[in-house]
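Chain nomenclature is as follows: A, B, C, D, E and F, assigned in order of appearance, with residue numbering initiated at 1 for each chain independently.
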Amino acid sequence: MEVEWQQLKAHELNELVAQNAAVIVPLASIEQHGPHLPTMTDTKIGHEVAYRAAQKAHAVRPVIVTPVVWSGLSEHHMTFGGTITIEPDTFIALVSDIVTAITRHGFKNILLSNSHGGNKVAMQHIADRLSMRLDATIVATSYISEAEAAIAALLDDQPGIHHACEAETSMMMAMAPDLVDEAILGDIATPIDRPFLTAGKASYRWRPFTEVTQNGLLGNPRSANADKGEALLEAASDALAALLTDDGLWTR
Amino acid sequence: MEVEWQQLKAHELNELVAQNAAVIVPLASIEQHGPHLPTMTDTKIGHEVAYRAAQKAHAVRPVIVTPVVWSGLSEHHMTFGGTITIEPDTFIALVSDIVTAITRHGFKNILLSNSHGGNKVAMQHIADRLSMRLDATIVATSYISEAEAAIAALLDDQPGIHHACEAETSMMMAMAPDLVDEAILGDIATPIDRPFLTAGKASYRWRPFTEVTQNGLLGNPRSANADKGEALLEAASDALAALLTDDGLWTR
Amino acid sequence: MEVEWQQLKAHELNELVAQNAAVIVPLASIEQHGPHLPTMTDTKIGHEVAYRAAQKAHAVRPVIVTPVVWSGLSEHHMTFGGTITIEPDTFIALVSDIVTAITRHGFKNILLSNSHGGNKVAMQHIADRLSMRLDATIVATSYISEAEAAIAALLDDQPGIHHACEAETSMMMAMAPDLVDEAILGDIATPIDRPFLTAGKASYRWRPFTEVTQNGLLGNPRSANADKGEALLEAASDALAALLTDDGLWTR
Amino acid sequence: MEVEWQQLKAHELNELVAQNAAVIVPLASIEQHGPHLPTMTDTKIGHEVAYRAAQKAHAVRPVIVTPVVWSGLSEHHMTFGGTITIEPDTFIALVSDIVTAITRHGFKNILLSNSHGGNKVAMQHIADRLSMRLDATIVATSYISEAEAAIAALLDDQPGIHHACEAETSMMMAMAPDLVDEAILGDIATPIDRPFLTAGKASYRWRPFTEVTQNGLLGNPRSANADKGEALLEAASDALAALLTDDGLWTR
Amino acid sequence: MEVEWQQLKAHELNELVAQNAAVIVPLASIEQHGPHLPTMTDTKIGHEVAYRAAQKAHAVRPVIVTPVVWSGLSEHHMTFGGTITIEPDTFIALVSDIVTAITRHGFKNILLSNSHGGNKVAMQHIADRLSMRLDATIVATSYISEAEAAIAALLDDQPGIHHACEAETSMMMAMAPDLVDEAILGDIATPIDRPFLTAGKASYRWRPFTEVTQNGLLGNPRSANADKGEALLEAASDALAALLTDDGLWTR
Amino acid sequence: MEVEWQQLKAHELNELVAQNAAVIVPLASIEQHGPHLPTMTDTKIGHEVAYRAAQKAHAVRPVIVTPVVWSGLSEHHMTFGGTITIEPDTFIALVSDIVTAITRHGFKNILLSNSHGGNKVAMQHIADRLSMRLDATIVATSYISEAEAAIAALLDDQPGIHHACEAETSMMMAMAPDLVDEAILGDIATPIDRPFLTAGKASYRWRPFTEVTQNGLLGNPRSANADKGEALLEAASDALAALLTDDGLWTR
C-alpha cells in the first residue's frame, strides 16, 4: 500500500478522504548533528518512523504521510553552522496552514509526529490553536517520548535519546551508512549529566546547545550500529502505530 | 521584607536590581471553577504560592513578585460561562512584553510561575522565545508539576491536582473560605479516569473541558479542608523556593 | 452585593448576563510614582474607583468589575525604573480579547475605565475597533476627565490630577497609608506649568516624562491627606456611577 | 515659495533638510458627505489648510507639505456608500511608514494635520508610537480643535464643525463651487443635539453615523457661502501656522 | 462625464454601482526623479493615464478612478533623497483594504493600474490575494508593459520606458512644463545597458538604484518634448481603455 | 561532489562558506497534477533541476542545494483535492527565514529556484524584501522562463510548459515512471488557448484553475516520453547552471 501523500494522485487522495484516512505530518529539522552525522538526521529519522508506522497501521485504518516539514526550530544549534532555523511564529503558521489545507479536503484525523526536540513545545502550542479552530482531532507526538521505554531497553550507553547520540547514530547507520563517519564514533562522547531544557524537578528553560556540548553532540555513539538502529526504528514506529490504531483517540 | 513589586517604590526596585534580585511573574486565569469555587481560584492560588516562595527564598537571595497575569488561555472553559480567555498570540505578546520591560531595568533572573494548566504549553513557548532574545535566565515552572510528589502525599481522593478539585478547593478554603460553597462539596465529584490533554503514553491533544466533565469540575472535593489547603500551599511554595535558591540554575 | 467578577462563581455570572449587567474593565499601570508612592498607585486607584462606582450604580442596574488590567502603556516612565510597560499593539490586543471574551458570554454593555494617562489614546482606539466588530456598547472613560470639575473643587495646590501629586497621594493615603512616605511630601513638588502631552491650543504630542520632571513627580503633594483622598475617590466614583446609570447611553 | 513635496525635485528637498524644514503630513478621508458635497471634501479641505499654513509659516521657518493621506478611518460612513475606509492597523502602519521615510532623509519636525474626525484617535496613537521610536518631534493636530474658537466666531447656525455642515459646505463653496449642489442647502439640515462620539461629560464611544443622521449630514448648511468658507480656511490655516512657528514646540 | 471618485457625491457613486461600473485604482510613488523632474512624476502620470482611459472607455461601460495611491515601494530610491517609501507589508495591506472597501459597496470589476516599476511585483501579489478572497475580478496592469509596443514606436533614444527618461520627461512636459528643468536635459543621460531588476535571460533580482545610475536618472531625456509626451499619454491610455472594454475579461 | 545540504555535515558546510559557495533554495508545491501524475510532480522536478544545475556549475564555483520548500501557493488547485497550499504571508515568512538562516552562516549568494507557477509572484516579492535587508545577492528564477527557448524546441504538442502537460509528464516518466499512469495519456488533453494568469497584452490576473480545465490538466501529454523528459531536465539545469556561473551576477 502506498502511504506517501506526494506519491499519490489527487483522485487517490480523494478516495482516502472517503475512507476517513488519518494523516501524519512529520515535523523535523535540518541542523548540525555533531562531526559524524549529516544535517538531515532528524528529517530522515522522522520520515522513516512515520512511514513505517503508517504501513503498520494499515490493517486497521488507512494512514498517509505528508512530506516532512524539514524547517524547524533550531536556534540553539545555529552557532555550530549547517543549521537552518526558522522563527517560532513562522513555524506555527506553516504547520497550521498545512494542517488547515489537509482538513479542507475532508481529512479529520491528524497526527503531528515530531522527531526534533526543539519543535516539541511549539508543536503542542500548534495543537492547542488548531484544535480550537478546526473540526478535526489533532494529536501531537514525539517518538522520543511515546516509545521512551522501548527505546531505553535497546540502548547500552544512554538511558534515552539525546542528540547525534548512540540512538540517532544507530538509526542513521541502518538507513544511510555512507553518510556516517564511523571512524570517529569512539572519540566524540559528551557527558549527559548536565540538565539541558529542564530545571528543578519538572520545570523548563531554553538554552543554547553550546551550554551542554563543545562538539555539537550530546550522548555517546561508541556502541552505535545498524542492527540497533533497525530495532529502534521498529520500536518507534510500533509506538506510533499503536497511537494511530487507538480507537478511543480518533473519534471523528 | 516586602516582596510585591506593586507595593514597592521605584527607588526600592532600583536597589533590588543592584542586589541582583530574581523576579517571579505569576501566570494564571480567571475562569469557571465548578459550582462551588469563584473564578479567581487559579489567580488567588498563583499569587499566594509565589508570595510565600519569595519570602522563603529571601534568606538566600532577594526575590520579588509582580502582579498576577490573570488573563490566561482558557478557551476550553468558555462554554461554562464566567471565563475570560485571551488569544494565544496575545498571551505570548503580553508575557513577553512584561518580561522584556523587567529586564530593561536590569533584572537578570526571571521565574514564570504558572498556576493554570491551559497556560503551560504557551508559557514554555514564551520561555523559548525570550531566552533566544534576552540576556537573562528565564525559567518556566508550574507548582502543579514542580511540587507533584509533595502534593500527592497530601491528597486523599486524588493522585494529583485537577480542576476545582480536592486540592484547589482546600487551598481556597484556607485563603478565602467565604467564597467556597461548602454545602455541596460532597455531591459534585467527577471521574478523573478519562484522559484530558494526554494521548497514548506521552503524547498531547487539546480538548474542550466539556469532553471530561458536565459541571466544570474535574476531581473530587469531598474531603477538602482548610488545613489540607494550608499544607498544599506550603508544599507548593517550598518547591518554588527550592528552584529560586538553586545556585546552578541562576548563573547570571 | 458582590461586584467583583473574580469573586463570583460561573453560575452567578451567568445569572448576571440574564440581568443584562454592565461590566467595568479597569485599565491602569504599574509604574514609578515619584519617591513617595508605590508603583501600584494607578492600579489601586483604578480598582477602588471602579469598585465604588459599581456598588453605587447597583440600585439602578447590576454592574460587575473585572480585575484591573495592570499592564499599561508607560514607556515615558521607563527611565525612572520600577515601571512595567507593554507594547501598544499588545495593549490593544489584550483589552480587545478581554472585552471580546466578556461579550461572548452575552454581556452587552462594557465600560473601559482608565486611571492612567498613558492609556487614554489607546483606549479610545480600542473603543473604535471593538465597536465596529462587536454587538455591544463600549464606552471609554477616565475618571480624571469625567470627574474633572468635582476633583478640581477638592484640590488646594493644583487645578486637576497630575502624577504622584496632591490628588493621587491623597487617595493612596486614604487607602494604603503605610505605603506612602509622608515625611517627604513637603519637599518634592515639581512645577506643572510646562505642557506635557499637549501642544498649541488643542493639539497633541508624546514626550518622555523626563521632559517635565526630574524626580518622577508632576504636581505638589504637600497638602495631601487621607480625608481629601476619600473625597476624591467619592467624586470619581460618583462620576462613573452617573455614566453607568445613564439610560440614554446603554441602549442594548 | 513652493511648499508641496510632490512638486519639488529631490535636490530641492535635500536642501530643505539642511534648512531644518518642518513637514506637514495631512490626514484625511474619501467618504460620503451628504447629498450635496463630493467625497473629496475632507481631503480637499485638509490639503488647502495645510498648504496655506505652510506658506504663512514661511517667513519664520521653511515648511513643506506631503500629498494628503486620503485613505482614512471611515467605517462609520460605509453604509451610505461612496466611502473608502481602511483598517485601523493599516492606517497606523501607513502613516508610521510615511513619517519614518521622511525622517530617514533627516527631517526632524513633523506635523500630522488631520481634517477628518474619524482619524483623530488613531493619529494620536500614531504620535505616541512614533515619538517612542524616532528621533523627531511629532505633533498631531486637527484644525477643527486647534482653531475651534476662531471657527465658532464665523458660524451662524452651528457652534463648531460637524459633517457636511455650514462650515465644510462653505469651504467647498470657496474652493470648488461646481461640486456643491447649492439648490438643496436649505432642505437638508439635521439636528446636532444628539451626542455622537462623546458619552457622559468627557468620555468616549464610537458609533455608526446612522445613529445620528439619516442623510449623511450632521449640521445645517443653509447659510453656507464662499466668503464664509474663505474666512474659515484662513482661520484654520492661521492656527496651524501658529503651531508651526511656536519656538517652544520644535526643539530639534 | 465625471470619472473621478473623489469629485462624485455618494449617491452618484451608488448609481454607478447599479450600472456595474469598473473602478481603476492607480498605484504610483513619490520619489526622486533625477535632477530635472519633480517627485510627483509617477503619481502625475499614473493619474493622467487612468483618467484618460476612463473617459475613453466610457462609451462602452462606465469607469471611475480613485485618487492615486501615491505611497509606493521605492526603497531603491531612498539614498537619493526626496523619496517616501513604505514597507511592502503596508503597501499590500493598504491596497487590499482600499479594494475591499470598494467591493463592499458592490463594485465587481477592479483595475489596479500601476505607473511605478517598484510596485509591480507587490501589485501582482495583491491581485493573487484579493482574487482568492473577494467575489470580484481584479486585473493588475502597468501601462509601461501593456502599451509597450506603442510606446516604443514613439521614442527616439530609448527602446522603452526607464526612469526620468525621454518618455517620463516628455509626459511631464506635456502636463506640467513649469516643473521640468529643461535647461539640463541634454546633459544628464545615463546608459541603460546594465541590467537592473533582471538576471540571466528571464530571472529577477532587486537592486538599489545606485547600482545603475549616479544621478537618479536611467535613460536619455535629450529629445523629450511636450508633443511626444502627449502622444505617449494617448498611447498608454488607449492600451488601458482596451483592457477596460475587453468583454472576455470582465465577466462579473 | 556532494551538493545536497542535508547530506552534508555541519563542518563540511562551514568549509563551503569559506569557499563562498552559492546556495540554491528550490521552491515548489504538493498539488493535484491531473489524473495521471502524482502530487509530488513540481517538487520532484524542482529538486532534480536544482541538483543537476549544482553539479554542472561545480567546475566554476561550489553550489549546494537545500531541501525543497514543498509547501507552496496552490489555492487555485484546492478544489481538485490532493493539494496542500499555505497562506501567502506564511510562504513569504518561511522562505525569508530560511534564506536569513543561510546567510547568518556566511553564505552570500542565494538562488531561489522555482518550479511552480503559483509561487512566481510571491518569490519575486520575497527577493525584493530580502535584498533590502540582507547583505547578500538574491536571484529569483523559474526554470520554466529561464530555459523557455530550449524547452520550446523540445516539445511537439505545446509551445511551452503548462501543467501536468507534455513537458511535466515527460520529466516524471524520466524520473519516476511507476508513478505515471501512461495508459490514459492520449485521452486527457485540454486546450491551452484560454488565457490563465494573463490579461490584455501584458497584464495579470489570478484565477482558480477550474476556469481553464475540468480535469486538472493544462496541455497535452499524448507524446510525452522519458527521453524527452531527460532532455528537458538537461535543458532546464543547463539554464540554471549558466545563471550560477554568470560572473557579472554574483558580485559578493
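Following the convention adopted for this analysis, a residue touches a chain if its C-beta (ideal position, glycine included) is under 8 Å from a C-beta of that chain, and two chains touch if they have at least 3 such contacts.
Please read these numbers as outputs of a predicted model, since none were measured by experiment.
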Contact-pair overlap exceeding half with A-F, pair selected from D-E, A-B or C-D: D-E
Separation of mean Cα positions, subunit F and subunit D [Å, integer]: 50
Distance between the centres, which are taken as Cα means, of subunit E and subunit B, whole angstrom: 58
Inter-chain centre distance, subunit B versus subunit C - centres from mean C-alpha coordinates, in Å: 27
Distance between chain centroids, defined by C-alpha means - subunit E, subunit F (Å): 31
Chain order around the ring, beginning at subunit A and proceeding next to subunit B: A, B, C, D, E, F
Interface residues, subunit D side, partner subunit E - complex: 5-14, 17, 30, 32-40, 43, 66-67, 69-71, 78, 80-87, 89-90, 93-94, 97-98, 101-102, 104-105, 179, 181, 216
Complex contact set, residues of subunit C against subunit D: 73, 75, 88, 121-125, 127-129, 131-132, 137-142, 145-146, 148-149, 199-207, 239, 242-243, 246, 249
